[in-house]
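Shared chain: chain A. Partners: chain B in the first complex, chain C in the second.
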Partner chain A sequence: MTCKLLAVEQLSIGLPAYADRAQAVSKVSFSLGEGEILCVVGESGSGKSMIANSIMGLLSKELPVLGGRIELQGIDLLNQTPAQLRILRGSRMGMVFQEPMAALNPLMRIGDQIAEVFQVHGIACSQERVADLLRAVNLPDPEVLVRVYPHMLSGGQRQRVVIAMAIALEPSLLIADEPTTALDVTTQAQILKLIRDIQRRRNTGVLFITHDFGVVREIADRVIVMKDGELVEHGSADDVLERPLHDYTKKLLAAVPRPNMDAPRPRADRAILQASGLRKTYWRGSKEVAALNDISLDLRKGETIGLVGESGSGKSTLARTIVNLVTPDSGEIRFEGTDLRSLSRKQWKPFRKRIQFLFQDPFESLDPRRTVGDIISDGPIAHGTSAAEARAIAREKLQLVGLDPSAVVRWPHEFSGGQRQRIGIARALAMNAELLIADEPVSALDVSVQAQILDLLEGLRDKLGLSMLFITHDMRVAAQICDRIAVMKLGEIVEEAPARELLSNPQHPYTRMLIASVPGLAAGSVVGSAMETS
Partner chain B sequence: MSSNRLQAMPRLIGWRVLKMAAMVLAIVVVNFLLIHAAPGDPASAIAGQSGQADAEFMRQLREQFGLDKPLPLQLWIYIERVLTLDLGVSHRLQRPILTVIFERLPATLLLTGTAFLIALASGVALGVRAARKPGGIADTLIMGGSLFFYATPLFLVGIVLVLVFGVWLNWLPTFGMETVDMPLQGIARATDIARHAVLPVITLAVFYSAVYVRLTRASMVEVSSYPFIKTARAKGASETRIRWVHMLRNALLPVITLAGIQAGHLVGGSILVETVFAWPGIGSLAFEALLARDYDLLLGIFLCTSVVVLTFNLLTDLVYLAFDPRVQAL
Partner chain C sequence: MRSFIRRYPRMVIGASIILAVICLAIAAPILFPFSPWEMRGAPFEPPGSPGFILGSDALGRDIAAGLAHGTWVSLLIGGVSTLASLGIGISLGALAGYVGGRVDDAVMRFAEFFQTIPSFLLAILLVAIFRPSIFSIITAIALVSWPPVARVVRAEFLSLRKREFVQAAEVLGVSHFRIVWQTLLPNALPPVIVLGSLMVANAVLTESALSFLGLGDANWMSWGFLVGSGRSVIRIGWWISVLPGVAIVITVLGLNLLGEGLQTWLNPRLSKRDLP
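After this line comes the complex of A and B, so read on.
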């Protein structure tokens, strides 16, 4: 049995008066042993980050600790003076954050930021020591990197730098708050491996906060599940993942996207969207970069094609090219046989109605100063529908997406993320769209909400005969909703096949790497089981 | 990558200077046309002053100043002269304009430069102090004070200072730049000038400073919520270190932008204060030239101020380039 490193007992954290519940965290108890990885799982607002911040003493003033104890190696953390806590931070406990892009000071060289950890603890720091740390987190060319500024590094590299700072003084506790959420899936796999390596090599206890059960499966020894500030389940990773006791855990696990096991839907003969030889290049400095390189796509009526790729692969550029927001250098885009590229602005108009877009960020894609009714009826009005009629359409479509028609008079900020995405769908449907281009429509949503939106899209697709181009970075989501999957890398479609075929028998090495990087795969993941059954 | 940035510097600066030259030429043309669009001309002004205005005299005057030629030709002659750095002769002062401007320039630079530096230093310091605890007592006092001085017209502050420190307390001189009837040398003269400068400098500085206080405070509060501040705390850095090393440098970026804009107005922006305190600088010169319809002198001053503005724009961009590694181009 491992030695007890961290003990949290009956921890309660308050919320400001205007919040929707009294306590951010109420009476949570758990412990963490040396060399152990404990995952804290929960959806947004469950209080999981609060726990991390309270241990580090980094809670803001509006969130007071109301009661309980936090003990790190016998030190009562809640009864330390700020100066004592400051000394413990960095030396006994280190922390890694969610946004690697913003977690480093943009005006300070990488080497100086790492050396700062030693300086503030009064420890002499040599160049070699910094370089050693960079090597420990598998960064290349440490001698060059120390002189570089954060903006010159990729997200994954920056996260490695943050990890290097967190482990610089060999703390016995490492807290990682969603450290891979903002990263591409292949980078995520590398960072998870790095954290596991560090934990094994140095016997560090890791408190790992995540919303992703795939990640939990990948890394956790033990798991606690949080819901609305309360701990609802606590156990070994195996028990919680395979034999969950609490209904909420069961619900979360069921919401994890999994490949569609139904018989493949027959493919229609008629194509709705055909792209061929699409090319778009940008000049970056004196270098020509191909955002789209000879892209061909054949989307049939009623079909859903998933466009899967990492950031920068060109999948959003392709979507924007189809709706004429980006002009391709060459190539052809046909919608039901009509070449969209040769159309004038006026000739395009009827097609705008038939092709609709669904955006990623439900918080930014709705105008905050307009009512939901106005947002939805704008499109029909622009295409000549009378205002009263457009209103009626808005109410009807809201009902169709599972919202109350009375929402027409309300404002976007009154709705949750999932509800806003429903409004976005209603907006697209109000035009009687035939082709829906969905650009990462569920990426910003919690897993249970994500499952609901995917269900909704699936239902609407069957009911209305919608064709969909579904862009996602998440192979699991694509596997659930798409008939076919196209894998994009550096502006090219490297492989395109029926979803099940692509998952069970990937041809291209990059596809194989993407599938292997899906978290949770090794321990019998959902995609893995699809590969076995097919 | 950062070395690339520095290698490209001479070329970038050369390109910018070229663009500046084109800009100055455009400014010369626009200024010239603006002035000539205004009713009245030097001939009528001189005629008015001399009290006699028969048509023949006016014609002679216009011929003397070249005002009888068609406007495009006048413009062409003016540009030719500007290109050879000959700004002409002030008909009122009967002296070369360039000489007059260079005589007055040091006084203005002394006044505005000092005020600018004091405003920048005090504004940033007070802004940082106010942002330490938003809503606290220090914050309320500092922000209240800065709002007061920002809202009060410049000349009013000047007049009140003159009344209090000059007239009632009789501590400081309120007029001119040095004591005229007492020719002083060396340190005695410097002290005399400094005593004369106190009130106008303070008048200008409180106004500028108010803006820096507000901007610095807002910027510090904003930066304090950035994730890298939390990273620094997680390292165990002290609050003082976080404030001065991590927050301030990032918070200064918008302050630099504003300071660059204000520095551009160091020469042209002090007309009011120079007039209130009879400070013999460019501002009061411009004011006099305007009243006397001394076109050529006015055009010379405009040219001088616009060159200063453009130069400080370039300097600001260079400072920014040195300060923020993310900036790649000028």
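After this line comes the complex of A and C, so read on.
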């Protein structure tokens, strides 16, 4: 190992009294060498971001450091005055945040924001220097870019600007807190490559925080795994990923979605949902944006089609069009032969029972002011079931999704994200739907919970003979649960094929790029090896 | 309970004041079992004179009795006119926010029509046209104070409609009426409740101002009337105007404190109530 850059010893961080555990981080020790990339992996609430914030001195007062030491190149970071810390931030250590839009000042031009980094450290800053930095993070036309505002850039470009600011003073430590989580997968691949380049070129030590093992595989030299504030495993990337020792690490690795290796299920002849020539355009200011551009889709009985695409590809619009939450400009949607578009609200109602929708955000999709029982009973009651009977249905469906039937009297906020998504599934199945439109149902969940929900959906699909349109941005998830995959880009389906065929032999260049961008794939790993053989 | 007081002191003080005012209104016929218009003794008796704890006015009427009985009018007009304007405002706001499009435009232009006219002038005009009575005062106050309610409800509905749990109800086939009634309204209500408590204060003030100008209901003793009747003799009997004025100030202050307290209590972002 190279020279030691950062040493964290027995670090403990407290939590306010109302929290579910005593310490956010307890007795965590690790070190980071120069030019090394250390990944901190864990699920939400594991305390991984607390470690980053404590190094930067950004912890709020409610989260006091209870003990331990943090040393950066021999400087004891926990015993610095705020003024001393301010000097160290930027010059010795830089930080990249998850949400690039929130990390940039929306009222300040890009050039001025970068120049500010130099100014606060009392360093003269020339136009030339800012332009060099923008070039270093592979942004084109620095002369133009310095004059634009953050909202005019894409998410990936914004994150590059944030990285440029973090490395402006050539810090020896770069902390990246989920820097690619808010980005599309192809952009993520580029940002990961950029961070890797910077680390090689400048010999920067990188502390990289992530929840995604694919990303770990892509970038890490060494890995620490966090669980409930404790460090459970520590080792080289190869060791942790290939030969995990701790049960929790094994569980997390097993939860990473992987392509279904079973024999493909036979395709039914009967179509349940057919869409053709669907078009929808939005006006964004004076610009016309095609959300759906001549979309055609053929979903057979009992089949699951995955709709994969990046943000803005129109996949959610398509899902919402099918359940009439969005009205298309033209085209046809047939459900078992009936044209849904020509129906009035009243004529639509019988189809509401048969076509159901599963929402992305389990914290947004349940009414916070009503009990779980009331929420699930809504559908049956709307279709004429008596309240008592609907209540019985609610209990039965809760059991079906693996929750205790007594949950009917409880409130949504009493449940965790995964449990809430189960409640959402129970609501969608309360009227025995035949077609389930699932709009990113696992994207907001931790990887182990995500695996449970995917298993549940798969089980229910087989048990109830559900047909599914499964919308996701994650090729790995689609590969696990879908029979066929349709790839969407800018309102068009560019390729549609059986899942296995699409993964092993992608035809369209965009599909190839998407698959190549799946983190962990290039390095050949848990995810990659399985996907390559499929 | 003690921690509740410590956390929301304004709301507790406000609620106590309003409770005391309500008690005074209920106790008025027991404490002063005679008409407040009745002449009970010599005029211009200062507060503390025998028989007149708060003094008497230019006609020898008991100020204390007037204050106690006047409480009724303030509370009645404040409460009923606020309920009426909440009714108008919530219905129109819900309609505009839920239906949207042209209906929304029409309702909002209609609301703007009321908002561009100074509301107190409009209230005077309405009461003058209808002839002063408790009913016309309530109507006038309700008619001039609904637009802010409609605006708040409309804004809440517009943002709630985009929320996933409302779309979920839509996808389940729940009727328009039930979506509005059981999903949208309960979630839109907290800011309206806060607004309502502030509107009661405003109604009390408007009623007092109308009575002060002589546009009150002549059958009911009211605080505004007392202030107005003492206006011309303020050098001789300051208490005739000042004491009812103090009563108005305290009541309005109580309502405002209650409203502010409700705001912090009902808004999870401002209160720590939701933390486990």
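Observations on the model:
Basically, the second predicted complex is superposed on the first by the 523 of 534 C-alpha atoms of A that agree within 3 Å, B and C clash if a C-alpha of one lies under 4 Å from a C-alpha of the other, contacts with A are read in each partner's own complex, and residues count from 1 in each chain.
Basically, a residue touches a chain if its C-beta (ideal position, glycine included) is under 8 Å from a C-beta of that chain, and two chains touch if they have at least 3 such contacts.
Fair warning: this is a prediction, and the values are worked out from it, not measured in the lab.
On the shared subunit chain A, the superposed partners chain B and chain C are arranged side by side without overlap.
When the two complexes are overlaid on their common chain A, residue A:357 makes contact with chain C while staying clear of chain B.
When both complexes are overlaid on chain A, the residue A:72 reaches neither chain B nor chain C. By the touch criterion defined above, A:383 reaches chain C but does not reach chain B. Residue contacts after overlaying the shared chain place A:89 against chain B, while chain C stays out of touching range.
With both structures placed on the common chain, the touch criterion links A:106 to chain B but leaves chain C unconnected.
By the touch criterion defined above, A:41 reaches neither chain B nor chain C. The vertex angle at chain A, taken between the C-alpha centres of chain B and chain C once both structures are aligned on chain A, is 30 degrees to the nearest 10.
This overlay, made by fitting chain A, leaves chain B and chain C with a least C-alpha separation of 5 Å. Comparing which residues of chain A touch chain B with which touch chain C, the overlap is empty. Across the complex, chain A is touched by residues 1-2, 226-228, 230-238, 241, 246, 249-250, 323-326 of chain B.
In the complex of the two chains, the chain A residues touching chain C come out as 18, 20, 323, 325, 348-349, 352-353, 356-357, 359-361, 364-370, 378-379, 382-383, 413, 424, 427, 431. Across the complex, chain B is touched by residues 56, 58, 86-91, 94-95, 97, 99, 102-108, 116-117, 120-121, 147-149, 151-152, 162, 165-166 of chain A.
Put simply, chain C touches chain A in their complex at residues 163-165, 167-175, 178, 182-183, 186-187, 274-276.
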